[in-house]
Structure formats: structure tokens, C-alpha cells
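Per-chain numbering from 1; labels A, B, C and D assigned in written order.
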Amino acid sequence: MSTQTPGYKSPGPRTPAGKEPVLEIQNLCVDYGLGKESVQAVRDVSLTLHRGEVLGLAGESGSGKSTLAYGLTRLLPPPGVITGGKVVYHQPGGDPVDVLRLNDAGLRQFRWAETSIVFQGAMNSLNPVHTVASQLMDVIAAHEPRMSKSARLERAKELLKLVGISPDRLGSYPHQLSGGMRQRVMIGMALALEPQVVIMDEPTTALDVVMQRQILRQLVDLRERLGFSVLFITHDLSLLVEFSDRIAIMYGGRIVEEAPAAKLYRDSLHPYSHGLLNAFPPLRGERRELSGIPGSPPDLRSMPTGCAFHPRCPKAFDPCRTELPPLAVPADRADGDRTVACWLHPGGG
Amino acid sequence: MTLTHTSDQPPAPPDNDTVLEADGLTKHFPVRRVGRQAMTRAPRVVHAVDDVTLTLRRGRVTALVGESGSGKSTVARLLAQLYPRTGGDIRLHGTSVTVRGGRRFRAYNRKVQMIFQDPFASLNPVHTIRYHLTRALRIHDNAGSGSVELQQALENLLERVQLTPATRYLDKFPHELSGGQRQRVAIARALAADPEALLADEPVSMLDVSIRLGVLNLLRDLKERLHLAILYITHDIASARYFADDTLVMYAGRMVEGGDSETVTQNPAHPYTQLLIHSAPDPDRIVGEGTPDDTEDSSGGEPPSLIDPPAGCRFNPRCPHAMDICRTELPPRLPVDGDPGHWAACWLFDAEHGPAKAEAPAKAEAPAKAEAPAKAEAPAKAETPAEVTE
Amino acid sequence: MATAASNVTAVAPTDPGATAPDSSRSKRRHLRFLSSPKAAVGAGLLLFFTVLAIVGPYITPYDPSARSNDLLQAPSWHHWFGTTHLGQDIFSQVVDGTRSVMYVGFLAGLVASVLAVLIGVTSGYLGGFASDLLSALTNVFLVIPALLLIIIITSSLPTGGETVVGLVIGFTSWAWGARVLRAQTLSLRRRDFIEAARATGESTWRIVIFELLPNLSAVIISGFIGTMIYAVMSEIILAFIGVPGLADWNWGTVLYWAQSQQALAQGAWWWFVPAGLAIAILGTSLSLVNFGIDEFVNPRLRNNGERGAKGADGRPVRMRVGFTPVVIPIPDEEPETAAGSGTGSGSATGTSGLVGSTSTSEDVAQ
Amino acid sequence: MKYFLQRLAFYVFTAWAAITINFFIPRLIPGDPVMALINKNRGQIDSHAIASLYILFGLNKHQSLWHQYTAYLAKLAHGDLGISFSNFPTPVSTILGNALPWTIGLAGAATVISFLIGTLLGVLSGWLRGSRLDFLLPVTTFISSIPAFWLGLLTVATVIAVGSSFPVSGGYDPGLIPHADTTFIGSAIEHSWLPLGMLVITTMSGWILSMRNMMVTVGSEDYITVAHAKGLSDRRVMFSYAARNALLPNVSGFSLAIGQILGSTVLVEIVFNYPGIGYEMLQAVGSTDYPLMEGVFLCITLAVLLANLLADIAYLILDPRTRKEG
């Protein structure tokens, strides 16, 4: 109980040197619906994105990972409501801003200029009745009204080149582009105002593996050049291990483990993380029998008591059924740059 | 849930009888022409599947791997005789079968059943599980006589797919079940016909990651107990390696490589297979080794239009090893050295045309090695414009 | 909100019996669908008119055609809706006329729905040349102004009567339903469960009747009601312009006599107001039922129970696309329950005071 | 272009179908329409005229059906719609020529105005769902269920009761002769206010409801969320993203609406004694004047087809997906 709010770390011994937070999510709670019928989709989640890093967020469908992304940007469609917490954005050389307390005008100004988003459905993310150019330019116009039209067009061309699309595609309508090209346009658009944070919600799930790798490679390259931070959300944990610096695992609306990618891959502490890692058959190494995770993901309307994972957990013991394990630095892993919410690895402190 | 045996190598199947064969299977879908086009232009078709030859054997899983649009699902529907084929032959136990509806179709699909990709769409939302399974049993005369035998048959089916106790599931509607449970019901429905061959069209790709393996393991268990011949269609080559005995790779409507799963995945011969394997997520590759490197990025671009596919090898516009002959001549199935049964439709393996014969497989063994860091930042490579299909 | 929260708090700690809240919830949802206000009001009114159509002619206080000496009287205790220039009781005419209106509407709706299902589902399911032909036929009937066609046909027919009028309306107004059903069938046909039924070995007619049609029932009913609205309007218009063959009373004939006897110029508002209102109310009730069906089929159209919810500042919260409301509940009057501090992790204390307080009994309950 | 040609071919086909239906209706009617007419006007038509009536009406029993049909088409091609019974011997085309401009003007103006206002209100009420604009919903539902002509009756009664001198009857002041001068046009506009108002009020609600539904449906599309995420102004998201897309199904649903508007127009014209086609229709129905009725039907059908063609052009301009070069 006495643990300090987990995940809310000031730049201290636990974070690698030079890593300052850019986006801090503190105790965020998101519900669907209000009153009696409401369902808690994100429960008390705290997560910190550092400048320049790729933070992976993994979980099954219904784990709340997309709800978290939509919630922290306040883009969650009805009946979603945010019922608690803070989302603090640290401007470079400015005061921190709580995104949840911005008024409409402030929120509009903040959006895309500081935090942009690439959604899962590239097919549907672009307005079908406007050209690529018009959609690239209107976001610039909205945030930099004094920029001339020709300058905006120039910028739009630059952005397409940035993501490897020929500028003569500017006049195309979305239906004239392939799925991969549309997603690249979206990535280009996300970088239009050079935001500090780019949130990616399953950006490559609808694409083939070859296209997926091309786009991810480009993303890594762009991040190195432009220095933005990425919150990368996907159900494909094997992809995250390869592409992100740190990984947070969500289950039943809560973060159950957070660790550097390599540590999570080699030494996952939460049984759910372990199960998830073993849910992807390897392409290399010896062929072995894998089991996946028994049972089904939980129903948000009737969550198990205690640890939400305990009905599916092979290692569950008594406290798991009644007591909710807090997310804390595990006592048996002293290096301190990871947290887990599991009674097998209780916090030490 | 987990299986007790098959820990290392799957045990040799009881027999390797051929159940279902496709020989030169071809499917062209006509492109709808409107107005004047009907008169002026020659009829145009989508070459969805061209010249596919494969064999399903008793007690073996054959995987068919390909990207979306490669025609792999069409192959399943052709084999299920849900579409009439344009050319080629389908043989069940050696006899050619062509059916289009009616009693002969039922007789055929009593032996060959299909499992669909999306369990949320493949069960009718207005009917209970009991209705779905009862219909399948009745159609194939496996319902027994009387309600007691029917109930017994229903419970047996659900037990086979590990939905127990059966009575808890029988009277539920599909929307009351989770994705994994629904897919198990779909499998039970296919089993109601007591088939010999099962065509599984991406049976786990719509399911939550944590339960995919459970369904695959169930299918493997059923294969072993019922000696089923399974066609496993997937876009995930790693799961093909895990689940299938043999693996076939399809690209743009054609088969490009085939052989033992382990061989195909560990020692890919065709440049497309190499690209596929290289692109698949692989945590081992990167952990602790810095950023991912660019190997063959020249393969950018997308699969070709199937209305007007490239001449010769369909992969030639993206292939880093493309030679002149690849642009004109269709490569036949050529054996790959060292592995009996491993073949690739690639001129690199032709004695005459394949100068790179020795090089190509070698390259595949170490796809993860950093090769061309000098490429550094090759920005803004204009993507080949995708064919805009009409 | 507070009561709900305390309920949950009471339930949650009492161990895993997680099925209990689930079943009660589904029951509640079922009830909520029944009490959808739009559909309920519409269905109630529709029931009223149906009953009136059945018993109407037996309960009229006067013979609707009988003349009396009370000429052109305003509404009174004896004549609720007043009288005509011939002293006929308008209330009796309106009540008596309900049967004709409902009968024509029902008959036309039935005929049109049957045709729409036959043509729409066939052209959607079959494909090929026959499908194109049926689709073209549907579009032709959609574009041709049906009302004029109905006027011409009914005024050409030597024998009239409600049945003929109903049939003519039915046979000319199926096109919209057929188009919607065709589109729905086309999209359903691509769904895997139809393909799966085929792969299981079901016959075509069984697939259409047992797999396809049950999924189209909402669309069919909604089309039936839409045609009914249209048919009622058409019949009244026919009667109003004096198309022969409608000897019996209906709301349109009441209006016809009102118009032809210059009721307006004489200030006899009671002559045409009740019949018109009856039309409007019947039309509204049918539309409301259809809204109910629409919302049932397309949940996005539903209001997501957002009414009455209060935000942190006590003002009502409006759900908006693009700006998710932030509802940080006001802390309860009573102190936090003990169960909360035990399991609720650091959340409650961690941020309280930053944005109001995040601690609610709901938070703590799960 | 391909899309446009396709639609054009369809309209030609529909026009042909309407013409053919028109040809067959009098022939399928049991009994003899000419005889029925003669019986009705007993003693007023001599036997010589009867024979010519049969020929005029195209019901010559001595010709084959096919011959009748081709003769009918040939006559139509010359704009000959036969001779009106009730206004014997004025040709139907002359009567319609006088009446049509009034109807087209009234229906056209009503369509445009109600589409514009209705769509705008629909956009707003769909966008501001859950706001005070929600009251529009029950109100419009009720109004859409009111027949336009009955609303007309109420209005006429009210105007008379109030004793206002506002014109409630006819298309222009009785003393004037139709002529393109300001007095006449001014009078015509003044006379059209009320019928136009009735039409707009009753047809508008359909647009409001369908536009509202489409706005709600489009509102949950990903590109709307993206537009919000981009920080665009609310007005731009509402009009350029949501309304622009929500409009498309409404434009393509025009065909149904235009027929209904013309139907309502005909009736409103009757109530207001407006000198348009509806008035002629009433006359024709009253005296079973088949050639006139059929002429009305053909004219209105062609007008509907033309309006649909215009809607298709609008759709072509609005939706880039149909503009694809073939």
C-alpha cells in the first residue's frame, strides 16, 4: 500500500541517464458508459514515455490498450468517459500540461502539434472525398494559419518524400492508393508538425508482413532522424520485442508488467507476459510444443476478483484470488528499471 | 488443454495415403465489364489461382502460406468445391471429382470439410450452437435415430473440441461465446460430417493471440486421433513451421516453393520465401543487437496486379536476383539440392540458367547478418505505383 | 450514481461468484429494450389504431352516413367532432374510417413486403443475369412516380373497393424494400456463415429460408411499416381527390367532403382537423416503431444513456465524438469503505487533490 | 464518365418502360374506356366523334397490338399526347404546356429549399447530438407524418379566418394575363409563398432525419476521429469531413424523394387552386380523362428522370470514387 504511485518516476536512479519524461500517464481510469451500466476498461494505469524512446504496449483484444491510447488523447468515442487520473505532457522548455484539463480550444491546439496518432485502419483513416494534398495541408493550415498556401504545398511534398512516396501522388484520392501507401501517408501526416509524441495503434496489423517490415523500418529510421517518441500499441508481442525500447503488458485494463524489451523477452516475470511470449511460435531454434494460455480473456463486465489473470494462471495461489497485486518494483529483481503486478514477485520496499 | 505427446518430432503418421489432390488447379474470376468495354475489350480476368498442384495426405498437415491476395483462400474454396474451377483437376482418393450442388456435393463434402477464418462471421447469429451442430449431423446422417442418440452425438462433438461440459454450450447463441469457443464450435461442425480432409482457412488469425496455439494444438490432436488430412492456410509462416508437416508458399496466385516445413523455413530457396521469412517478426534477431538493419530493401513494392500479371516469374519485378529469363519464361518446379522433396519454382535452381545456384541458398541461411550498412539513409525511394484495379 | 456504487461495493468483496451480476445485468438490458421510449409509444399507438380498426364500426355513436338536423355544428357533447353540412357525425366517420385505412395499409404492406422479399432476396442471392434484370426492374419502379401511377390505375379500374386499392398500392410500392433487401442480401451472402452453411451441405432453399431470412427480419419488418405509412397516405390522397371506388368511409373521404363542400370558407375547422390529426398520429406511430427497429439494428443511433449524467462540476455531461468527457466524480459524503484501502492499490491516495479526487467507491470496488 | 453513361442508359430504359406502361394501362383495363366515357356523357358525343375518339385514343381494334404500339411511339416522338376528353378538342400537350411550368417551378423551388434547409438542420442535429437540438427529432417525425395538402387546408382556413388578404388561391391575381412583366411575376411569387411553404415544411423533415442518421453513422468513422486528432476546427470537421461524406447517400437517395415531392406538389396545387399539373390531374380524374391523365404521368416521369440525372451529376462531382477513369 505504501508504494508510491508506480510508473510515475521522476528522472532518478530507475531511469537511464538522460531520459526525461515527455508524456506521463498517471492513474488513468477510463469507463464505457456512466452510472450503473458502466464498464471499466482502463483501471488506474500509470505509464511514462521518455523522450526519444519507443514504448511498446501489448495485450490481447479487450485488454484496454487501444482504450488507453484513445483515452489519453481524449479521442475515445461515446460512451467512453475518463473517470480519473492525469495525462501530463512535458513541453520542451515549458510548463507541464495536463491534457485532461485542457479546454476544447487548448486541446485542438495541443493535438497533432505535440501528439499525433496513427490508427489501425489506414483504409478508413483518410477522408475518402479529399485528396491526399488537401488532407496534408489542412492540418498544417489549422496549426500554422499564417503559412502561405504554396509553402504548405511544399511541406506536403516534403512529407510524402519523407515516407517514400512520390510527390506526384499528392493529387490522388485515398481509394487510388494501396493499403501500404495509405498507411505511409498517415505516418507522413503524423509527422507534419514535428510532434514530440507519435501514438501508433496497431499501425501495421492490416498489412502483410513484408509491408509491415518496410514501414516499421522506415519508422525506426525516421525516429532516429527526427527524435520523436513513439507509443506503439499492438497485440504482436514478438514485433514489439524487436522494435521497442521498453514494453508494458496490459491485461484486463491494467498494466501487469513493464520492463526494457530485452529483459522482458529473456526474463518475463508475470505469468501472463510469459504466456504471451510463448504464444508466438518461433521461426528459429528448436521446434517445441507450446501451449498458449488456457481459458479466455476476461469479460470486462464481470472481472475476477484479486488478480484478473488468476483464473488462467498456472501459478495462482491464495492471495491471487482475493488481493489485487500492486504494480511495483519486484524485490527479487533489484536492478529497478522494471515493475510487475504479481504476488509471485511482490514489491520490495 | 495442452497435449501430452508430440513433444519433439511428431510421430510418423499411421499411413501416408493420399486423400485429396489438386492438379494444375486454376481459377480465373471474370472482371466485370460495363458499357462499351463489353464490346471493345477482350474479356479480362483476375488470375486468382494458376496451376496449383498439391497433395493432402492422411494424418498430415500441409500448410499453404501467402500474403493476402495471393489466392490461398481461393484454393481452399476450390478444394471445397464452393467455386467451380477454371482448369485443372481435383481428385479424391484418386478419382476426379467435379460437383456443383446437389447430392453429389453432399457426398463430396462429407469427406472434405472446411473451417472458416472468422468465427464471428461463420456462425449464424440467429441460431444456437445446438442448431448448427444438429444440422451438420442431420445432413450427413450422423444424427442417429431419436433424440437420445442425437444428444449423445452432440455431446461427443463438443467433447472432441474440448468444450465441456457440453450442456453448458449447446443452447447458447454464438454471441455468448468467446472467439476461441466459437472456432471450436466451427471445428465441431466440420467434424460432424466425419470427414477425411479438413480445409482450414486461417483458422486462428482472427483469434486473440493467447488462445491461437490452443486451437492449433486441438487441430493437431484431432489430426492424430482421427487421421485427418489437414490443409492449413495461413499468412504466418512461423505458425506453419510450428503446426504443419509440409509447407507450400504461394505468391500472386502461383506456388513458388514447397517441401518439408522445417526445410522450407530454415532453408528457404525461393527469393520470395526468403523475403517472407526475413520480414517476419523475430525477437531473437534484435534483442541486444542494436537497430534492425536493411538487407534487401530492393524488394520494396507490392504484389502485382492479378488482372495483368507479369510475364515469366510473377516475382521478377521485386526479385533482387532477377535474370532475363525470369522476365519471359515461367520457371517450372525445380528440385533444391540436398533436400528430397524440396522444390522451388525459380530459375536460380536450373542447371543451365542458375549461375547463382550456389549463392542463393547460402544467402538465406544468414538473412539476419548485417550486409549493407553502407546504404544508411536511402530516403524517399519512390514506391512503385500500385496498379489501380478497376 | 452513488447508490449504484454502493451496491457494487456491497457485492464485490463476497468472493468469486461472478455469474450473479452478469445474469442480472442481461435481464436489465432485456427490460431496457422493451422500454425503449420511442418504440413503446409507437407500438402503443399502433395497437390503439388496430383495436379501433377492429371494433370501430361497432362502437360509433351514430351511423356515419346518417343525416340529421344538426347541420354543420361545432364539436359538442353530442357530436364530439361536430357535424357535416348534412348533419352527419364526424366522430363516427373518423372512427368508422379507421378500418378502411388500416386495412389498406396492412394489405399493401403485406403485398409489397412479399414482393420485395421475393425480388430483393432473389436478385441479391442469385447473381448473374437474372439478378441484373431484377435489379433494373426494381430501379425502374423506384424512379417512376408511383402515386400518379396508382391514381391512373385505380381511376381506370371499373370496380373499386379497399382491396383493389390496397393491391394496386402494394404492387407499385415494393421497389424500395426490394432495393434495401437486395443490398442486405448481397452483404450477408458474403458473410462466412452463408458460405459455411453451403460447405456443411445445406441446400439453397434451406440457406435462404433458415439462414438468410431470419437475419433480414428487422429489415423486412421495417420495410413493411414503411410501406404501410406510404399506403395509408396514398389511400387518403386517392380518396381526397375523389378517385372513385372508395364508397366506404375513411379519413380521406372525410377530407374530400370537407374540401368539396367549402368547409374552409365556412370556418368549419372541425370537419378536417380530426381526420388530418388522425393521419399524422398514425404516421408518427409507425415512424416511431421504425426508429425503434433502426436503433435496434444500428446501435450507433441509440442515445447511449448519457442523459442525466453529471460531470465533476455537477453539470450534465454530453458525450461528443472527438472530445471524450472527463468525469472525475465528486467524492462521496461518507468516508471510504475499508475494502477500498485494502486492495485498491495506491491509486486513491496517489492523486487525490490533484484533480478533485480520483477515489470513488466504484474505483475501489472491483 | 462511365458512371454517367451508365446512368443515362438506365434513364433511357426507364423512360421507355414508363412509356410502355402508359401504353398498356388503357389496354389492360377490363371493359372499354371510350365506351365508359361515352356512357358518362350520354347524348353529348355523336357516333362520328366516337369513331374518331377510338382512333385518337389509339384503341383502334382493327390494328395489331404491335402496330398500335409503333403508331403510339411515333405520335409521342412528335410530342402528340392525344386529345383531352374533358377539354375536347384541345390537345393534351397544349394543356400540359400551360400547366407544366407552374408545377416544375413550384416543385423545383420546394426541392432545392427543403434540401438545403433540411440538410443543414440534419447536419447540425446529428453533429450536436445530445444537445438541445434533439427536440427537432420528435417534431420532425410528427411533421413528416402530416400530409402536405392537409397542412395546406389548415393554412387556407387560418388565413380566411384571420381575414387576411394574403392570396390563398390561384397562381396569380385573377385580373392578370400571364406575361413576363414585373406585376405578373410579383403576383406569381406572392401566390406561391403558401404552397411553397407547405411543401418545404413537410418534405424538409425527411432530409433532416436521413441527414441526422448519416451524420451519426459517419461520426464514428475513423477519419472523423483523425480529423479531431489533427486539431482541426470544429466547423471544418463538421462540414468538410462529416457532412461532406454524409451527404453522399442523401444525394443518391434523391430518386425516391423527388417522386414524393412531385406527388405532394400535385396535391398542394389542388388545395391552393394552383394552375399547375395537379389541378389538371384533378380535372382529369373527375371526368375520367385518360389521355390527360397519361400525359400528366408521362410528363412527371420525364421530369423525375431529369431531376435524377441532375442528382447523378451532383453525385459525380461530390464523390471522387465515381470519377475514376475507365
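Going forward, a residue touches a chain if its C-beta (ideal position, glycine included) is under 8 Å from a C-beta of that chain, and two chains touch if they have at least 3 such contacts.
On a predicted model such as this, the values are computed, not experimentally measured, just so you know.
Undergrad: Grab the C-alpha centre of each chain and report whichever is closest to the global C-alpha centre.
TA: Nearest to the common C-alpha centre lies chain C.
Undergrad: Could you see whether A-B or A-D has the larger number of C-beta contact pairs?
TA: Contact tally favours A-B.
Undergrad: List the centre-to-centre spacing of chain A and chain D in whole Å, with centres computed as mean CA coordinates.
TA: From the centre of chain A to the centre of chain D is 55 Å.
Undergrad: Whole-Å distance, chain A centre to chain B centre, using C-alpha means?
TA: Using C-alpha averages as centres, the distance is 32 Å.
Undergrad: Between chain C and chain D, tell me the centre distance in angstrom, where each centre is the average of that chain's C-alpha atoms.
TA: 26
Undergrad: So which stretches of chain A touch two or more other chains?
TA: 70, 75, 77, 104, 107, 176 - these are the residues of chain A that touch more than one other chain.
Undergrad: Can you list the residues of chain C that touch 2 or more other chains?
TA: Where chain C meets two or more other chains at a single residue, that happens at 306, 319-323.
Undergrad: Got the chain B residues that touch at least 2 other chains?
TA: Answer for chain B, listing residues that touch two or more other chains: 388.
Undergrad: Enumerate the contact residues on chain C facing chain D in the complex.
TA: It comes out as residues 136, 139-140, 142-149, 151-153, 155-158, 176, 229, 233, 236-237, 240-243, 255, 258-259, 263-265, 267, 269, 272-273, 275-276, 279-284, 286-288, 291, 294, 298, 300-301, 303, 306-307, 318-323.
Undergrad: Give every residue of chain D touching chain A within the complex, in rising order.
TA: Residue list for chain D touching chain A: 219-223, 225-234, 236, 240-241, 244-245, 248, 318-321, 324.
Undergrad: Flag every residue of chain B that touches chain A in the complex, lowest number first.
TA: Residues of chain B touching chain A: 1-3, 6-9, 67-68, 178-181, 208-214, 217, 235-239, 241-243, 262, 265-266, 275-288, 291-292, 294, 297, 299-300, 302, 377, 379-383, 385-386, 388.
Undergrad: Give every residue of chain C touching chain B within the complex, in rising order.
TA: Residue positions touching the partner: 191-193, 195-202, 204, 210-211, 214-215.
Undergrad: What part of chain D is in contact with chain C in the complex they form?
TA: Within the complex, chain D contacts chain C at residues 10-11, 13-14, 17-18, 21, 25-26, 29-31, 33, 36, 129-131, 141-142, 144-147, 149-151, 153-154, 156-157, 160-161, 213, 216-217, 219-220, 224-225, 227-229, 237, 255-256, 259-260, 262-263, 266-267, 270-271, 281-282, 285-286, 288, 290, 293-294, 296-297, 300-301, 304-305, 308.
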